[in-house]
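Chain nomenclature is as follows: A, B, C and D, assigned in order of appearance, with residue numbering initiated at 1 for each chain independently.
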Amino acid sequence: MTARRFRLGEEPIDVAAERPALDHAAAGAYASFEGWVRDHNDGRSVRQLDYQAYPALALAEGEAILAEAVARFRVREARCVHRVGRLAIGDLAVWVGVSADHRGDAFEACRWIIDEVKRRVPIWKNEHYADGESGWLHPT
Amino acid sequence: MTARRFRLGEEPIDVAAERPALDHAAAGAYASFEGWVRDHNDGRSVRQLDYQAYPALALAEGEAILAEAVARFRVREARCVHRVGRLAIGDLAVWVGVSADHRGDAFEACRWIIDEVKRRVPIWKNEHYADGESGWLHPT
Amino acid sequence: MNLKLLYFASLADRAGRSEETRDSAARTPRELYVEVAAVYGFAFTADRLRVAVNGAFVGWDHALGAGDEVVFLPPVSGG
Amino acid sequence: MNLKLLYFASLADRAGRSEETRDSAARTPRELYVEVAAVYGFAFTADRLRVAVNGAFVGWDHALGAGDEVVFLPPVSGG
(Lines give C-alpha, C1' and ligand atoms only; values in the text may rest on other atoms or scores of the structure.)
Protein backbone atom coordinates (compact mmCIF):
# COMPACT_ATOMS: atom_id res chain seq x y z
CA MET A 1 0.00 0.00 0.00
CA THR A 2 1.26 3.47 -0.84
CA ALA A 3 1.78 6.13 1.80
CA ARG A 4 -1.29 8.08 2.83
CA ARG A 5 -1.70 11.36 0.99
CA PHE A 6 -4.11 12.80 3.57
CA ARG A 7 -3.50 12.79 7.29
CA LEU A 8 -4.94 14.26 10.49
CA GLY A 9 -2.38 15.81 12.82
CA GLU A 10 -2.55 16.09 16.60
CA GLU A 11 0.80 17.91 16.62
CA PRO A 12 2.02 21.02 14.75
CA ILE A 13 2.48 20.35 11.03
CA ASP A 14 6.14 20.21 10.01
CA VAL A 15 6.01 21.47 6.43
CA ALA A 16 9.71 20.81 5.81
CA ALA A 17 9.23 17.17 6.78
CA GLU A 18 6.32 16.78 4.35
CA ARG A 19 8.22 18.12 1.36
CA PRO A 20 10.41 15.14 0.37
CA ALA A 21 7.29 13.14 -0.53
CA LEU A 22 6.62 15.68 -3.29
CA ASP A 23 10.10 15.75 -4.81
CA HIS A 24 10.34 14.44 -8.35
CA ALA A 25 13.13 15.03 -10.85
CA ALA A 26 10.58 15.74 -13.59
CA ALA A 27 8.61 18.22 -11.48
CA GLY A 28 9.35 21.86 -12.26
CA ALA A 29 6.59 23.35 -10.14
CA TYR A 30 5.42 23.11 -6.56
CA ALA A 31 2.38 24.95 -5.23
CA SER A 32 1.32 24.91 -1.61
CA PHE A 33 -1.47 26.30 0.50
CA GLU A 34 -1.56 26.85 4.24
CA GLY A 35 -4.58 27.82 6.29
CA TRP A 36 -3.63 29.80 9.39
CA VAL A 37 -5.83 30.57 12.40
CA ARG A 38 -7.01 34.18 12.00
CA ASP A 39 -7.66 36.59 14.86
CA HIS A 40 -11.10 37.46 13.49
CA ASN A 41 -14.04 35.91 11.66
CA ASP A 42 -17.32 37.50 10.58
CA GLY A 43 -16.41 40.63 12.51
CA ARG A 44 -15.79 38.83 15.80
CA SER A 45 -12.44 38.69 17.57
CA VAL A 46 -11.17 35.09 17.82
CA ARG A 47 -8.80 33.95 20.58
CA GLN A 48 -8.35 30.28 19.77
CA LEU A 49 -10.23 27.38 18.24
CA ASP A 50 -10.75 23.65 18.30
CA TYR A 51 -10.95 21.36 15.29
CA GLN A 52 -12.91 18.16 15.74
CA ALA A 53 -12.89 15.38 13.14
CA TYR A 54 -14.79 12.18 12.56
CA PRO A 55 -11.49 10.41 12.03
CA ALA A 56 -12.44 7.25 10.10
CA LEU A 57 -14.50 9.12 7.53
CA ALA A 58 -12.24 12.20 7.42
CA LEU A 59 -9.27 10.03 6.51
CA ALA A 60 -11.23 8.11 3.86
CA GLU A 61 -12.74 11.25 2.33
CA GLY A 62 -9.44 13.15 2.41
CA GLU A 63 -7.66 10.25 0.74
CA ALA A 64 -10.38 10.10 -1.93
CA ILE A 65 -9.97 13.83 -2.65
CA LEU A 66 -6.19 13.51 -3.08
CA ALA A 67 -6.60 10.47 -5.34
CA GLU A 68 -9.14 12.39 -7.43
CA ALA A 69 -6.72 15.32 -7.71
CA VAL A 70 -3.93 13.07 -8.97
CA ALA A 71 -6.32 11.56 -11.53
CA ARG A 72 -7.86 14.89 -12.67
CA PHE A 73 -4.76 17.08 -12.91
CA ARG A 74 -1.33 16.54 -14.47
CA VAL A 75 0.50 16.39 -11.16
CA ARG A 76 3.34 14.26 -9.85
CA GLU A 77 2.26 14.08 -6.19
CA ALA A 78 -0.14 15.76 -3.78
CA ARG A 79 -0.42 15.75 0.02
CA CYS A 80 -2.57 17.30 2.71
CA VAL A 81 -2.38 17.41 6.51
CA HIS A 82 -5.18 18.85 8.65
CA ARG A 83 -4.77 19.64 12.33
CA VAL A 84 -7.24 18.54 14.99
CA GLY A 85 -7.45 19.74 18.60
CA ARG A 86 -6.80 23.19 20.05
CA LEU A 87 -5.05 25.85 17.97
CA ALA A 88 -3.95 29.41 18.72
CA ILE A 89 -3.87 32.52 16.48
CA GLY A 90 -1.29 32.08 13.74
CA ASP A 91 -1.14 28.28 14.05
CA LEU A 92 -1.08 26.25 10.87
CA ALA A 93 -4.47 24.50 10.56
CA VAL A 94 -4.14 22.84 7.16
CA TRP A 95 -1.38 22.34 4.60
CA VAL A 96 -1.68 21.26 0.97
CA GLY A 97 1.33 20.60 -1.28
CA VAL A 98 1.34 19.67 -4.97
CA SER A 99 4.21 19.01 -7.37
CA ALA A 100 3.77 19.01 -11.16
CA ASP A 101 5.77 19.42 -14.33
CA HIS A 102 4.13 22.79 -15.02
CA ARG A 103 2.95 25.56 -12.74
CA GLY A 104 -0.59 25.87 -14.07
CA ASP A 105 -1.38 22.29 -13.08
CA ALA A 106 0.25 22.69 -9.65
CA PHE A 107 -1.80 25.82 -8.86
CA GLU A 108 -5.09 24.41 -10.14
CA ALA A 109 -4.75 21.11 -8.30
CA CYS A 110 -3.71 22.83 -5.05
CA ARG A 111 -6.69 25.19 -5.20
CA TRP A 112 -9.08 22.34 -6.05
CA ILE A 113 -7.82 20.19 -3.16
CA ILE A 114 -8.26 22.83 -0.45
CA ASP A 115 -11.71 23.71 -1.81
CA GLU A 116 -12.80 20.06 -1.74
CA VAL A 117 -11.30 19.44 1.70
CA LYS A 118 -13.23 22.40 3.11
CA ARG A 119 -16.41 21.27 1.36
CA ARG A 120 -16.36 17.53 1.99
CA VAL A 121 -14.09 16.35 4.82
CA PRO A 122 -15.92 15.85 8.16
CA ILE A 123 -13.98 18.32 10.31
CA TRP A 124 -15.62 21.06 12.37
CA LYS A 125 -14.27 24.28 13.82
CA ASN A 126 -15.29 25.64 17.22
CA GLU A 127 -14.27 29.29 17.55
CA HIS A 128 -13.65 30.82 20.96
CA TYR A 129 -14.31 34.55 20.92
CA ALA A 130 -12.75 37.38 22.91
CA ASP A 131 -16.14 37.99 24.61
CA GLY A 132 -16.03 34.48 26.12
CA GLU A 133 -18.59 32.93 23.78
CA SER A 134 -17.83 30.06 21.50
CA GLY A 135 -19.61 28.27 18.72
CA TRP A 136 -19.33 25.47 16.19
CA LEU A 137 -19.31 26.74 12.63
CA HIS A 138 -21.75 25.11 10.21
CA PRO A 139 -21.62 27.14 7.01
CA THR A 140 -24.81 27.17 4.96
CA MET B 1 12.57 52.12 3.77
CA THR B 2 10.74 48.83 4.03
CA ALA B 3 12.45 45.48 3.54
CA ARG B 4 12.88 44.36 -0.05
CA ARG B 5 10.11 42.08 -1.26
CA PHE B 6 12.15 40.73 -4.19
CA ARG B 7 15.68 39.44 -3.91
CA LEU B 8 18.29 37.60 -5.98
CA GLY B 9 19.98 34.71 -4.19
CA GLU B 10 23.49 33.38 -4.74
CA GLU B 11 22.90 30.70 -2.10
CA PRO B 12 20.14 28.07 -1.71
CA ILE B 13 16.80 29.64 -0.77
CA ASP B 14 15.81 28.95 2.85
CA VAL B 15 12.02 28.92 2.63
CA ALA B 16 11.57 28.56 6.40
CA ALA B 17 13.63 31.71 6.95
CA GLU B 18 11.48 33.67 4.48
CA ARG B 19 8.19 32.78 6.16
CA PRO B 20 8.14 35.09 9.20
CA ALA B 21 7.97 38.13 6.89
CA LEU B 22 4.56 36.87 5.73
CA ASP B 23 3.04 36.20 9.15
CA HIS B 24 0.06 38.36 10.04
CA ALA B 25 -2.56 37.71 12.72
CA ALA B 26 -5.33 38.66 10.31
CA ALA B 27 -4.06 36.40 7.53
CA GLY B 28 -5.93 33.11 7.21
CA ALA B 29 -4.33 32.00 3.97
CA TYR B 30 -0.82 31.50 2.64
CA ALA B 31 -0.08 30.37 -0.92
CA SER B 32 3.37 29.66 -2.21
CA PHE B 33 5.02 28.63 -5.45
CA GLU B 34 8.40 27.04 -6.01
CA GLY B 35 10.10 26.49 -9.33
CA TRP B 36 12.42 23.49 -9.27
CA VAL B 37 15.06 22.57 -11.82
CA ARG B 38 13.59 19.79 -13.99
CA ASP B 39 15.55 16.95 -15.55
CA HIS B 40 14.04 17.66 -18.97
CA ASN B 41 12.80 20.50 -21.14
CA ASP B 42 11.32 20.39 -24.62
CA GLY B 43 12.18 16.72 -24.88
CA ARG B 44 15.87 17.16 -24.01
CA SER B 45 17.54 15.71 -20.94
CA VAL B 46 18.88 18.50 -18.68
CA ARG B 47 21.81 17.97 -16.31
CA GLN B 48 22.18 21.41 -14.72
CA LEU B 49 21.66 25.05 -15.54
CA ASP B 50 22.88 28.56 -14.91
CA TYR B 51 20.75 31.59 -14.20
CA GLN B 52 22.18 34.95 -15.15
CA ALA B 53 20.57 38.23 -14.10
CA TYR B 54 21.05 41.89 -14.93
CA PRO B 55 21.04 42.64 -11.21
CA ALA B 56 20.20 46.35 -11.02
CA LEU B 57 17.21 46.07 -13.32
CA ALA B 58 16.12 42.62 -12.09
CA LEU B 59 15.87 43.94 -8.52
CA ALA B 60 13.98 47.06 -9.59
CA GLU B 61 11.58 45.16 -11.85
CA GLY B 62 11.01 42.40 -9.29
CA GLU B 63 10.30 44.97 -6.59
CA ALA B 64 7.86 46.74 -8.91
CA ILE B 65 5.99 43.46 -9.56
CA LEU B 66 5.64 42.72 -5.84
CA ALA B 67 4.44 46.25 -5.13
CA GLU B 68 1.89 45.94 -7.95
CA ALA B 69 0.68 42.63 -6.50
CA VAL B 70 0.14 44.17 -3.07
CA ALA B 71 -1.78 47.03 -4.68
CA ARG B 72 -3.88 44.86 -7.05
CA PHE B 73 -4.85 42.00 -4.73
CA ARG B 74 -6.21 41.89 -1.18
CA VAL B 75 -3.04 40.46 0.32
CA ARG B 76 -1.17 41.12 3.56
CA GLU B 77 2.36 40.52 2.29
CA ALA B 78 4.18 39.03 -0.69
CA ARG B 79 7.79 37.99 -1.27
CA CYS B 80 9.92 36.44 -4.00
CA VAL B 81 13.48 35.15 -4.15
CA HIS B 82 15.11 34.07 -7.42
CA ARG B 83 18.37 32.13 -7.56
CA VAL B 84 21.28 33.08 -9.79
CA GLY B 85 24.33 30.99 -10.64
CA ARG B 86 24.64 27.24 -11.17
CA LEU B 87 21.80 24.92 -10.13
CA ALA B 88 21.39 21.14 -10.21
CA ILE B 89 18.31 18.98 -10.87
CA GLY B 90 15.80 19.41 -8.05
CA ASP B 91 17.26 22.70 -6.81
CA LEU B 92 14.88 25.47 -5.90
CA ALA B 93 15.17 28.18 -8.58
CA VAL B 94 12.45 30.60 -7.50
CA TRP B 95 10.13 30.96 -4.52
CA VAL B 96 7.01 33.12 -4.18
CA GLY B 97 5.04 33.46 -0.93
CA VAL B 98 1.82 35.41 -0.36
CA SER B 99 -0.32 35.83 2.77
CA ALA B 100 -3.90 37.09 2.65
CA ASP B 101 -7.08 37.06 4.69
CA HIS B 102 -8.75 34.74 2.18
CA ARG B 103 -7.41 31.92 0.06
CA GLY B 104 -8.73 33.13 -3.30
CA ASP B 105 -6.65 36.30 -3.05
CA ALA B 106 -3.55 34.40 -1.92
CA PHE B 107 -3.73 31.98 -4.86
CA GLU B 108 -4.47 34.65 -7.45
CA ALA B 109 -1.69 36.97 -6.29
CA CYS B 110 0.85 34.12 -6.10
CA ARG B 111 0.03 32.97 -9.62
CA TRP B 112 0.13 36.52 -10.96
CA ILE B 113 3.53 37.21 -9.37
CA ILE B 114 5.28 34.16 -10.81
CA ASP B 115 3.76 34.82 -14.23
CA GLU B 116 4.98 38.45 -14.18
CA VAL B 117 8.42 37.50 -12.86
CA LYS B 118 8.86 35.03 -15.69
CA ARG B 119 7.60 37.55 -18.24
CA ARG B 120 9.37 40.71 -17.13
CA VAL B 121 12.39 40.23 -14.86
CA PRO B 122 15.74 40.23 -16.71
CA ILE B 123 16.97 36.76 -15.77
CA TRP B 124 18.11 34.17 -18.32
CA LYS B 125 18.47 30.42 -18.09
CA ASN B 126 21.30 28.47 -19.74
CA GLU B 127 20.46 24.77 -19.87
CA HIS B 128 23.20 22.17 -20.02
CA TYR B 129 22.02 19.03 -21.76
CA ALA B 130 23.01 15.40 -21.30
CA ASP B 131 24.49 15.41 -24.83
CA GLY B 132 27.00 18.08 -23.80
CA GLU B 133 25.29 20.95 -25.58
CA SER B 134 24.00 24.00 -23.82
CA GLY B 135 21.95 26.99 -24.73
CA TRP B 136 20.41 30.19 -23.45
CA LEU B 137 16.64 30.10 -23.51
CA HIS B 138 14.91 33.05 -25.16
CA PRO B 139 11.22 32.12 -25.38
CA THR B 140 9.33 33.71 -28.23
CA MET C 1 -32.24 -3.49 17.20
CA ASN C 2 -29.22 -1.82 18.76
CA LEU C 3 -27.56 1.01 16.83
CA LYS C 4 -24.47 2.97 17.78
CA LEU C 5 -24.66 6.72 17.15
CA LEU C 6 -21.77 9.20 17.15
CA TYR C 7 -22.39 12.95 17.52
CA PHE C 8 -20.06 15.74 16.42
CA ALA C 9 -19.81 19.50 16.81
CA SER C 10 -23.09 21.27 17.61
CA LEU C 11 -25.05 18.00 17.49
CA ALA C 12 -22.82 16.64 20.28
CA ASP C 13 -23.34 19.86 22.26
CA ARG C 14 -27.11 19.64 21.85
CA ALA C 15 -27.27 15.91 22.64
CA GLY C 16 -24.92 16.36 25.58
CA ARG C 17 -22.93 13.33 24.47
CA SER C 18 -20.55 12.22 21.74
CA GLU C 19 -21.94 8.70 21.40
CA GLU C 20 -24.70 6.41 22.54
CA THR C 21 -26.18 3.00 21.83
CA ARG C 22 -29.92 3.12 21.10
CA ASP C 23 -32.47 0.34 20.80
CA SER C 24 -34.46 1.65 17.86
CA ALA C 25 -37.11 0.44 15.43
CA ALA C 26 -35.79 2.81 12.73
CA ARG C 27 -35.22 1.01 9.43
CA THR C 28 -33.35 3.87 7.73
CA PRO C 29 -31.21 6.88 8.72
CA ARG C 30 -34.19 9.07 7.80
CA GLU C 31 -36.39 7.38 10.40
CA LEU C 32 -33.58 7.36 12.95
CA TYR C 33 -32.96 11.09 12.53
CA VAL C 34 -36.63 11.90 13.12
CA GLU C 35 -36.38 9.89 16.33
CA VAL C 36 -33.20 11.46 17.75
CA ALA C 37 -34.06 14.98 16.54
CA ALA C 38 -37.23 14.75 18.63
CA VAL C 39 -35.33 13.44 21.66
CA TYR C 40 -32.59 16.12 21.62
CA GLY C 41 -34.31 18.97 19.80
CA PHE C 42 -31.86 19.04 16.86
CA ALA C 43 -32.63 22.09 14.73
CA PHE C 44 -31.08 20.85 11.48
CA THR C 45 -33.46 19.58 8.83
CA ALA C 46 -32.19 16.39 7.19
CA ASP C 47 -31.40 18.19 3.92
CA ARG C 48 -28.63 20.12 5.69
CA LEU C 49 -27.00 16.94 7.00
CA ARG C 50 -25.10 14.05 5.47
CA VAL C 51 -25.28 10.58 6.95
CA ALA C 52 -22.62 7.88 7.30
CA VAL C 53 -23.00 4.24 8.30
CA ASN C 54 -19.98 2.23 9.40
CA GLY C 55 -17.59 4.93 8.24
CA ALA C 56 -18.98 5.51 4.72
CA PHE C 57 -21.48 8.01 3.35
CA VAL C 58 -24.87 6.46 2.57
CA GLY C 59 -28.27 7.66 1.36
CA TRP C 60 -31.07 8.52 3.76
CA ASP C 61 -32.99 5.41 2.76
CA HIS C 62 -30.09 3.01 3.34
CA ALA C 63 -31.27 -0.16 5.16
CA LEU C 64 -29.91 -0.18 8.71
CA GLY C 65 -28.70 -3.40 10.34
CA ALA C 66 -28.15 -4.41 13.94
CA GLY C 67 -24.92 -3.00 15.37
CA ASP C 68 -24.48 -0.35 12.64
CA GLU C 69 -22.55 2.80 13.57
CA VAL C 70 -24.62 5.75 12.36
CA VAL C 71 -23.42 9.37 12.18
CA PHE C 72 -25.41 12.46 11.20
CA LEU C 73 -22.91 14.99 9.89
CA PRO C 74 -23.67 18.71 10.22
CA PRO C 75 -22.17 21.09 7.62
CA VAL C 76 -18.38 20.89 7.87
CA SER C 77 -16.03 23.80 8.63
CA GLY C 78 -12.48 22.49 8.34
CA GLY C 79 -9.65 24.28 6.55
CA MET D 1 30.56 59.98 -27.34
CA ASN D 2 31.47 57.10 -25.09
CA LEU D 3 28.73 54.61 -24.17
CA LYS D 4 29.00 51.62 -21.89
CA LEU D 5 27.24 48.47 -23.10
CA LEU D 6 26.42 45.35 -21.10
CA TYR D 7 25.61 42.04 -22.80
CA PHE D 8 23.68 39.13 -21.33
CA ALA D 9 22.89 35.52 -22.21
CA SER D 10 23.14 34.70 -25.93
CA LEU D 11 24.06 38.29 -26.82
CA ALA D 12 27.10 37.99 -24.55
CA ASP D 13 27.99 34.65 -26.13
CA ARG D 14 27.73 36.14 -29.62
CA ALA D 15 29.64 39.32 -28.75
CA GLY D 16 32.26 37.30 -26.89
CA ARG D 17 32.11 39.78 -24.03
CA SER D 18 29.81 40.86 -21.21
CA GLU D 19 30.61 44.57 -21.47
CA GLU D 20 32.44 47.14 -23.51
CA THR D 21 32.85 50.90 -23.87
CA ARG D 22 32.18 52.15 -27.41
CA ASP D 23 32.79 55.53 -28.98
CA SER D 24 29.61 55.83 -31.02
CA ALA D 25 27.73 58.47 -33.02
CA ALA D 26 24.38 56.72 -32.21
CA ARG D 27 21.82 59.16 -30.87
CA THR D 28 19.30 56.53 -29.80
CA PRO D 29 19.26 52.85 -28.71
CA ARG D 30 17.75 52.06 -32.13
CA GLU D 31 20.77 53.47 -33.93
CA LEU D 32 23.16 51.86 -31.46
CA TYR D 33 21.59 48.43 -31.92
CA VAL D 34 21.95 48.64 -35.71
CA GLU D 35 25.61 49.41 -35.14
CA VAL D 36 26.44 46.61 -32.69
CA ALA D 37 24.22 44.05 -34.43
CA ALA D 38 26.32 44.58 -37.56
CA VAL D 39 29.58 44.29 -35.62
CA TYR D 40 28.67 41.05 -33.80
CA GLY D 41 26.06 39.55 -36.09
CA PHE D 42 23.23 39.62 -33.56
CA ALA D 43 20.26 37.74 -35.01
CA PHE D 44 17.54 39.36 -32.91
CA THR D 45 15.46 42.03 -34.58
CA ALA D 46 14.88 45.02 -32.30
CA ASP D 47 11.20 44.14 -31.79
CA ARG D 48 12.24 41.01 -29.87
CA LEU D 49 14.46 42.98 -27.48
CA ARG D 50 13.86 45.48 -24.71
CA VAL D 51 16.35 48.23 -23.98
CA ALA D 52 17.47 49.75 -20.68
CA VAL D 53 19.55 52.85 -20.08
CA ASN D 54 21.19 53.41 -16.70
CA GLY D 55 19.19 50.59 -15.11
CA ALA D 56 15.70 51.55 -16.31
CA PHE D 57 13.65 50.47 -19.32
CA VAL D 58 13.45 53.14 -22.04
CA GLY D 59 11.97 53.45 -25.52
CA TRP D 60 14.02 52.80 -28.64
CA ASP D 61 14.07 56.52 -29.48
CA HIS D 62 15.31 57.63 -26.07
CA ALA D 63 18.04 60.29 -26.40
CA LEU D 64 21.42 58.85 -25.39
CA GLY D 65 23.94 60.92 -23.45
CA ALA D 66 27.68 60.56 -22.91
CA GLY D 67 28.55 57.89 -20.37
CA ASP D 68 25.15 56.16 -20.50
CA GLU D 69 25.03 52.45 -19.65
CA VAL D 70 22.98 50.77 -22.39
CA VAL D 71 21.67 47.18 -22.29
CA PHE D 72 19.80 45.29 -25.01
CA LEU D 73 17.73 42.62 -23.27
CA PRO D 74 16.92 39.41 -25.11
CA PRO D 75 13.69 37.57 -24.18
CA VAL D 76 13.94 36.51 -20.53
CA SER D 77 13.72 32.94 -19.21
CA GLY D 78 13.78 33.13 -15.43
CA GLY D 79 11.50 31.20 -13.14
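One rule holds in what follows: a residue touches a chain if its C-beta (ideal position, glycine included) is under 8 Å from a C-beta of that chain, and two chains touch if they have at least 3 such contacts.
The UniProt protein names, listed by chain, are A, B = Molybdopterin synthase catalytic subunit; C, D = Molybdopterin converting factor small subunit.
Keep in mind it's a predicted model, so treat the numbers as computed, not measured.
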Per Cα centroids, the chain farthest from chain B: C
Gap in Å, rounded to a whole number, between the CA centres of chain B and chain A: 24
Distance from the mean Cα position of chain C to that of chain B, given in whole angstrom: 49
Chain B: positions in contact with at least two other chains: 35, 114
Multi-partner residues of chain D (at least 2 other chains): none
Pairwise chain contacts under the document criterion: A-B, A-C, B-D
Of all residues in chain A, those that touch chain C in their complex: 35, 51-54, 56-57, 60-61, 82, 93-94, 114, 117-126, 135-140
Chain D residues touching chain B - in the complex, by the definition given at the top: 6, 8-10, 13, 44, 48, 52, 55-57, 71, 73-79
Complex contact set, residues of chain B against chain A: 15-16, 23, 25-40, 89-90, 99, 101, 103, 106-107, 110-111, 114
